[in-house]
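Okay, so chain A shows up in both of these, paired with chain B first and chain C after.
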Partner chain A sequence: MRNNNEYGIGLKPIFDTVIFEIKKQRKKFYFFLGVAILIVFLVGYLLQLFPGYLLPDTQAGYFSGGLTFIEFLTLFSACLFFSGIICSEFDKKTGFIVFPKINKYKLILGKYLGNLILVVFIMAIYYFLLGLLGFFYYGGPINIRIFYSFGFAVLYVIALSSFVTLFSSFMKSVNVTIISTLLILLIGFTIADQIVTLIFADSFEPLYSIVYLGGLITSVLQNPFPDPRYAEVTMGPPGMGGGFTFGQWITPSIEMGIILLLVYIVVFFVLAAVLFKRRQL
Partner chain B sequence: MSEIVIKLENLTKRFGNFTAVDNIDLEVCRGETIGLVGPNGAGKTTTIKMIAKILRPNSGRILIRTNHSELLDLQNVSSTISQMGFLIDIPNFYNMTAFQLLKYFAKIQKYPKDQTEARINELLIRFKLTEWKHEKVKNFSKGMTQKLGIIQAIIHDPDIIILDEPQTGLDPLARIEIRKYIRDLQSQGKTIFVASHMLYEISEVCDKIALINYGKIIGFDTVENLAKSLKINVLNCILLKPLNTSDIDSLLNRLSKTLSPYLDQNLETRISKIPVRYKPEKQELKFYFDGKSESRGEILKILIKDFESDFTVIAFTQPKTSQLEMVYSQMVKNNEPEGKRKLNGDVFKN
Partner chain C sequence: MLENRKNWKNILITLLLLSLLGISFLNVMSLGLAQSNNYDLKLTKGTTIFSVETYDEDAWFNTVSNSLNPSHWFGGDANITGAQSKITIKGWSYTEWGTFNVISSIVLPQEQLLILYALADYGYNNTEINEYYPNTYWLWNSLQAIWPFTSNNFDEKPNTTEQNIILKDPEDYRKILDDYNKLVAQIKNDSAVPLPIKNQISNITADDLLWKLALNTFAAAEPVGNYLLTVTDALETENITASSCSLIFNRTGLNNYTVEFAYGDRGTLTSVIVKDQIDNTIYYITSINSEWIFYMILAIAVAASIGIIVVLTLRSRKIKRA
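Presenting the complex of A and B:
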């Protein structure tokens, strides 16, 4: 006969794992927090001290400039925090110790939530400091669009983490997971987006690309929202090899961005769960 | 008879074409200490991994009883069973301090919060790791990590304890400590399942031994009964002085004749050609006897009385370990597949 005591049904083991994971990732957290503060300081404050540098006209423009690096920060932190979530238990064989003690899905969920809390906290600090500096330079009230941007940043980091978790569910080592996800997200998607735009121009929007969807973090700050979302850019003066024109998708629409990020999150997590279930130590 | 707490039924695990565990049947009763003995790759760890739900069997089932409920199929149990504690393979921990790890393990296995710290301290003292309580595991030696592996298996005070090679990497003193601790756990009525290569450790603590080879259980009984079934009953007799080399053959013949009613006359030649042997390097006479306890007494009487002028007996024992070693070797050899046996040769020399 089953009872809750015997089989550990409940959320407490997940909560315990979240706390344990936060303690475990403390060093990584401090490192990324330091990097985030440094970036805000450099981009949001130090840059403004250079002679001849002009502050953007609006607070939203200032935030947009300050958030240039947030996509990179979230991308790197997602790869480094979430890459070991599943495969480390197999790679480092720690699963032999923990799998018999706790339902393995609860373990992974606890680890995931622990890391997510840390990454979101780092981002929140980044936004908070940028908001403070925005207040310092432009006065109140704070442009509400920075909160929308933060919402998109959280959604983006969840999508990235689901992507990395999927890789972690079948990759053998943590380091290979970090390198491969970084390469795909930093280089793979960018190259693919450029090729697709080059071939299909404005007839095919690269909505398959998480990195492209992440562009909403900064584009949501623009008022009015970019329209049209596809633009042609000409490089250099015409003649003598210059005047090369190429198309570029600036941003996905807000509705499409939200829907696709949610779809990716669900698909990646379901696939990761299926692969994790099949995987044996 | 006490109730069965673990039952393996036709358990099979294959990795591709290789069958690691082949149709195993095994029953473990409450309070028993069972040793799972076998050579490398015999299927010991795979069996334990299946009990821990780390591996899924290809066929067969594992039934578990906890808290005197009915036997449950492990695959139908939705989560882990907190009444069991496991040490599987060489333990690898997250790089945290011993205290942080043990506290977390106790928490997720629902050990009472107010007793956790006392329990951790008690076990760290018992395994002499108190000074390392707040050290990170990466600084631990192999033996210390192994001790921590044993502690994590029992931190939540489980009823059923399953240990895979618990003595690996431990120094002799630590092994004695572990053996003592296993005996303590036995006295508390815990059910213990130990897989090991270390026959001495197994023979010292286990009630029954399951011999496993090529994924099959080739014997499951007490050491004595296994020895009886293989007709291996040995008595070792240590002498005060070595025997004269020139007299050995005639003395062995006389001993064989005089003790013949009590010796094993149907001894397999591959074990020994004659039932009495002399090992000069140990100053030891070895008797293959019929296994009856009264025969042991008679043999000792005759040795002291009739052979007083030939030698002086200073020790007379029926060693459990060497008996188990012989049972182990013989059973493993007997159960080797045809091709493998030819490769190894068919000789079992003692």
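Presenting the complex of A and C:
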């Protein structure tokens, strides 16, 4: 009985922090929720009002088209929600509070969980609306692969959040964390992937890139799964600037994608925890 | 001075009202005139599932034919009760076609298309046929993914993606039929065309054309009833009548029977009923559309969201008051 109570007392501060964080991030949440609903409406419904814009043959194809912007949405929401998790405490010097009511790890865990709940909820709404529209256009049953896609999206968000949390653990301000993580994730990884593909072509897969791993969210919807996963495209006829061939890695394999996302999550969180421990709050 | 101003104001208001009335009257008149020969497409993107509800095999073999079964008409497992097929309308375009395209897409069966292409070597290619028969047709060309009747679960991908033609003016069916039959006569009289090719093409009657169209996802424009009536009147069909939103084919196999193709508000097929001469249903295909389930789920989701927002608002107000 005593043990149960102790556990309860131990978890209560985390639970309270989660609730507090959810309330604190309310405006950001409403904004991203609005954006998510707007994207689904525009891509999934409004475009289909044009008779010349053809509906894909299959429900999975429709979902794949509707999820075009999910990677951007998750990326931006991860950067904006998780960037202040650790560095805001240093920025606001909460460590100087004389009577700390909560352990600093519990505080960070509560804040992280609160933000994660909000981001996953936004994505769940996105998937729910898209699934509903998929049902509207194609009837039931809903293709099972959209649930796999949602699973990957959640895993991807956790990986992105761990990456942002790592930056938050050593950066000084929230704004710098947001800008630097956005730059790295949006531009850095994309450029690096292209350079690596240009140099190594099909002999080296850019598995180091979280953004590349995020491609699994849409590629898991394809039936059959892309094979080969590396494709070369030739532009125009040969000669006079034509006949230019460039290669592209389409998607990581499912197994490798899951393993690497999990590895990244663990590594980034461990590094963030170590840095946070060494840094004086 | 003031009274003059008031009078001018009244005159201006009266003129404005009269001009507005005039414009709206002209609009109504033009709409009325246009509607007499104007049809609109009410097609929407989405999926319709067709299901074989009734199939009385003995009655079919005693009435329709003992060598044909419903799958010869509707394909796949259409001869199994409970079998389902699916059609997804992917989109459409409004376009103008010449005689060659219309004949190859509407009149000729798939297996005879090769003959049309073989005729190109004898002075009957796309351009030449369009020159001989210069009629043009405004039409909606809709693209649809088709899953044939199956008693198992549907494959993920459709079996075929086909185009479905809906003529803007239903009277054009007559012109197309006449042009086709004239073309057949011309080819038959052309000494340059080899006999094996001549033997493979033949005239087609209005009833046969409409029967072929009805079996191949024929669709109508809005108003559907008028459209169907105009088609049968223009084609002067002998054994086909249009009744409200249905085409009724009076056919004779081993005995007389009727086949009724019913079309919904959007002009697409909703059901097929085959009845014997004493009005017993031999075969019945019905359609299901999942749109109402979508609206139901959406309504529940919206109601739940509103409920949550109301509860949260009331709770926060209570807390603030306390």
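To be clear about the criterion, the second predicted complex is superposed on the first by the 264 of 281 C-alpha atoms of A that agree within 3 Å, B and C clash if a C-alpha of one lies under 4 Å from a C-alpha of the other, contacts with A are read in each partner's own complex, and residues count from 1 in each chain.
The working rule: a residue touches a chain if its C-beta (ideal position, glycine included) is under 8 Å from a C-beta of that chain, and two chains touch if they have at least 3 such contacts.
Note that this is a predicted model, so its numbers are computed, not measured.
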I want to verify the contact counts: of chain B and chain C, which reaches more residues of chain A? B
Touching A:Phe135, do we find chain B (first), chain C (second), both, or neither? second
Applying the touch criterion given at the start, work out whether A:Asp57 contacts chain B, chain C, both or neither, answering first, second, both or neither. second
Could you look at A:Pro13 and tell me whether it touches chain B, chain C, both or neither (first, second, both, neither)? first
May I ask you to decide whether A:Lys24 touches chain B, chain C, both, or neither, giving the answer as first, second, both or neither? first
Residues of chain C touching chain A in their complex? 43, 45-47, 49, 86, 88-94, 143, 145, 156-158, 161, 288-291, 293-294, 297-298, 301
Which positions of chain A touch chain B when the two form their complex? 1-2, 5-9, 12-13, 16-17, 20, 23-24, 92-97, 99-103, 106, 280-281
In the complex, go through chain B and note every residue touching chain A. 49, 52-56, 66-67, 69-70, 77-84, 86, 88-96, 100, 104-105, 107-110, 149, 152
Any idea which chain A residues touch chain C in the complex? 48, 50-58, 60, 128, 132, 135-140, 143, 223
